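Order of writing sets the labels: A, B and C. Residues in every chain begin at 1.
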Amino acid sequence: MSVNVSTLQARISGESTASSPLSTEEYFVNMGPQHPSTHGVLRLVLRLDGETVRDVVPVLGYIHRGIEKMGEHGNYRQFVHLVDRMDYLAALSNNWAVTMVVEKAAKMETTDRIQAIRTLVCELQRIQSHQLWWGVFGMDLGGFTPFFYGLRDREQLCDIFEKTIGARLTMNYIQPGGVMYDIHPDFVKDVKTFLAYFKSKLPEYDTLMSENVIIQERLRGIGKLSAERALALGATGPVLRASGVAHDLRKSEPYGLYSQVDFDVPVGTTGDCWDRYWVRMEEMRQSIRIVEQLIDNIPEGKTFMVKPAAKIKVPAGVHYSHMETPRGVLGVVLVSDGKESPYRIHCRTPNFNNLWCIGEMATGGRIGDLVAMLSSIDLVIPDIDR
Amino acid sequence: MSWQVKTMAERTGDLLPGSPWTAVLYVLLTILAVTAFVTLCGLVLIYAERKVSAHFQCRLGPMRVGWHGLLQTIADTIKLLLKEDIVPRDADALLHILAPVLSFAGMLLVMIALPMSPSIQVADMNIGVLYVTAVSGLGVLGILLGGWSSNNKWSLLGAMRAGAQIISYEVSATLALLVVVLFAGTLQLSGIVQSQETGWWIWRAHGCGIVAFSIFMIAGTAEINRTPFDLAEGESELTAGFHTEYSGLRFSFFFLSEFLNMFVLAAMASTLFLGGWMPLHVGHFTVFNGIMDLLPPGLWFTLKTSAVIFLIMWFRWTFPRLRVDQLMRLEWKILLPIGFVNLFVSAACVVTGFYFFAG
Amino acid sequence: MSDESIAAPEVLPPPEKHVGTGGAVTGAVPWIDKSGAIGGVFKGIRSLFSGMKVTVGYLMRPSTVITQQYPENRETLKLPDRFRAQLAFNHDDNGYHKCTMCRICEEACPNVSIIITGREKPAVSKKEIDSFVWRLDSCTFCNTCVIVCPFGVLRFDGTFESSVYDRRLLAYTLNDYAGPVASVLEKIEDPEARKAAMEKRDPYGAHTIIEALAERQRAKKAATHAAYAAAKAARIAKKEAAKAAAEAPAAEPAAEAKDVG
């Protein structure tokens, strides 16, 4: 990693910002690639003055698998299953992002039923992703129990997906031209049961974490990110919304059936860790609202518009489409030369941009704050490296 | 009812009256007894923690080894004993090896002063409270050494956190102890227990007892490095803090001393505030007191200690961790002033005789 | 920070339903009001106790335990129909399959986890399947093969305990027999002839096929290398011969050239 070493050396030679007359030396610590709270193989090089973080340099590439390059060797349908492995907590959103650009470029028709199912499963997955985030957030702050409660409730959704889709994590469900299967006969009933259950559990989440004085003390005013900086750094999703920018592609450029449902976009004010926390908690409630509106009104219609084995060809040119995953904007750039496989495909993943906000937030905080900030950004490392 | 207090020292004296070997026998018996107790207590505590935490988290905990996983801890002990013992190349080997021993020794030394029943106590010193406070401070030396000698920045951070935290909180814990010492008028632990014959200090001293108990619990939890004050280990922050570089047997020493420190804290809390082995007495209501006396004192001690241990576990499996500066703020800006005020108020109570069943 | 001068980009005008203030939409932010010092402390302590109430609630109700005791509940553990665990062939009641060896699934597979070999001497029809090899070790369970199959031959079933001690055994032969499809077999009336057209296949025998394929590829590669080396040697020999031929007559002009230089 020669590049990073030189970056670091440049920073070392900079003037010491150590504040206390007692401090004698700043030092570097590698947080990761094997560290419990980087949630994967992210490496952060920290410049520390005692407990105080002076600088954070993320080092990437530990789980680079070349998904984009691999995509050039297969057809579009084969690429969809690869993007499952980018943001593995939102596999369906990733599927949909690729599907969307292919369908837009190839001008494929879809039915309302397809769009309704896609919207439903993606919103359920948003809840699922935020549940896991909530649990992990609690664990990163030192409370182990929220982790189990979050995963327990996530399990209910996993079971629902298991019935309809057949997989729990890497789903490969939304395909160009439709969805892989029609929903399971039990789907509507199961989802309603889950919603009733989860609505009774959300207040418990609040009692255990949101209303806890330690949590509030540890999150309030920590890791502030101004709206200007968030926009300049390209942050999206809850990270951007917590900074006070009401940017949500589900509202501003509605896809799926989002234009037909009624929901609010929670927005924070200061962009601190608490705002990011609370925006996500509110998003879970909004997702429940969306699912409730859709679950009884799934229109009839086909679920696959083309034959599954049909070859998809995209007209030559550059195509772009984006959507709102649980972590932010996932944009897919597709350069096609008119053949069956993409000439170049690039994913603008939300986590990559959100990660760089950590440098902005962490400076001057403590190590404990850094962990809270990392967790409040809700990073999925394979999504950064791809 | 009068309690016949007999310590292990006196019992050994009975065995060999007038023999010069008494002291040797006493030491040997003490070592045997404390080691056996520590082992057993550690096994029970670890099992209890696993089960309690599991049920807090909608799990079952260990279920495979033995009936309901009873032998799981033994299996884990064997595993830890068989693991390779690594001393990092650049570590200060001597201190690295010494650290867990010191940490363990601090806990062992406290053990001998605890009065577990009128007849189960190794040594009944007339400065018992002072001794416990002093000797339990040895544990932090082990943690500091362990973190420093590992030559690992995370460990060093953990050790420094632990040093700052434990030494700070010892102030508050001692202030809380002094409240009871004031009321009981003695530093001797068995004397403190017997001073609660007409009621426990937690309720007899009006508000002072409960405040002191709360402060003692908070400060004690911080002293034994348990969530919400587990900054020295800080799993999610410092990977494992001061014991990052420890493995196998040495790690198990740290681990065991952490668990037994929990027992020590609970035992001290119940001895000072909840009457130790003294049954629940209310003044001179002989009938009520007589009913309470039906349970043996050892059982009372066990029940009280278990309750306090459960409380500590309950804290751990509910609360998130504090940040390092908040931890210091809590101690120096909140607990310490409250502790001082509480001490003055209780001193006034003692002088004026204003507490239940005084005299 | 040097880039502070960058003006804030124009924020998208919030659509009507956007909520632009505060964090709260459905409920108030559960702030602990710390305006009064003493009151704040008590509210903080109360928040801790309410959290403890939640956790002890679960401790008190063992019915809330959600973990499954896995090996013990094997009998009752049923995975959903669509669960993607083990790829399997659909054989009908007679034990016949419908695979015509069209290789659509083989092409659709993103990472060559399906290898289909045909019989060298088909018994009845033109093309007959010999082995349908599925490699669990490289499969990503994307389900594409199942949905592309035009005859519904493939399915995923919920047999998820597929661990073995030798990873070569993770390649399975899915078809029970090598031979023609069900419709062709049903036309054969003589049971003996029918039996003669079919040949049993061992589900765990697939690794021999994979190894044979790999061996063939290695041989092909070696042959290519040998041919390349031979060509290179020939080229070098030719060049040297040309050089030697050129050197003899070119000696004098070279000397002339030197004089000129």
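Heads up, the rule we're going with is that a contact is a pair of C-beta atoms (placed from the backbone, for glycine too) under 8 Å apart; a residue touches a chain by one contact, two chains touch by 3 or more.
What you see is a predicted model; the values in this text were computed from it and never measured.
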Chains most often in contact, by C-beta pairs: A-C
Farthest chain relative to subunit C (centres taken as mean CA coordinates): B
Geometric centre distance via CA averages, subunit C-subunit A, whole Å: 23
Centroid distance [mean C-alpha coordinates] between subunit C and subunit B, Å: 54
CA centroid of subunit A to CA centroid of subunit B, Å: 44
Subunit A residues counted as touching two or more neighbouring chains: 145, 152, 208-209, 212, 214
In subunit B, residues with contacts to at least two other chains: 56-59, 317-319
Interface hub residues of subunit C, defined as touching at least two other chains: 48, 51, 54-55, 66
For the subunit B and subunit A complex, residues of the former touching the latter: 53, 56-59, 153-154, 157, 161, 227-228, 230-231, 234-239, 317-326
For the subunit B and subunit C complex, residues of the former touching the latter: 52, 55-60, 63, 314-315, 317-319, 334
Contact set on subunit A toward subunit B in their complex: 27, 29, 35-37, 51, 138-145, 147-149, 152, 208-209, 212, 214-215, 217-218, 366-369, 371
Subunit C residues touching subunit A - in the complex, by the definition given at the top: 3, 6, 8-9, 11-12, 14-15, 17-27, 29-32, 43-45, 47-48, 50-51, 53-55, 66, 79-80, 82-84, 104, 108, 110, 140-144, 147-148, 150, 156
Subunit A residues touching subunit C - in the complex, by the definition given at the top: 74, 77-78, 81-82, 84, 145, 152, 155, 162-167, 170, 172, 180-181, 184, 204, 206-214, 216, 227-228, 231-232, 242, 244-248, 251-252, 262-269, 274-275, 278-279, 282, 285-286, 308-309
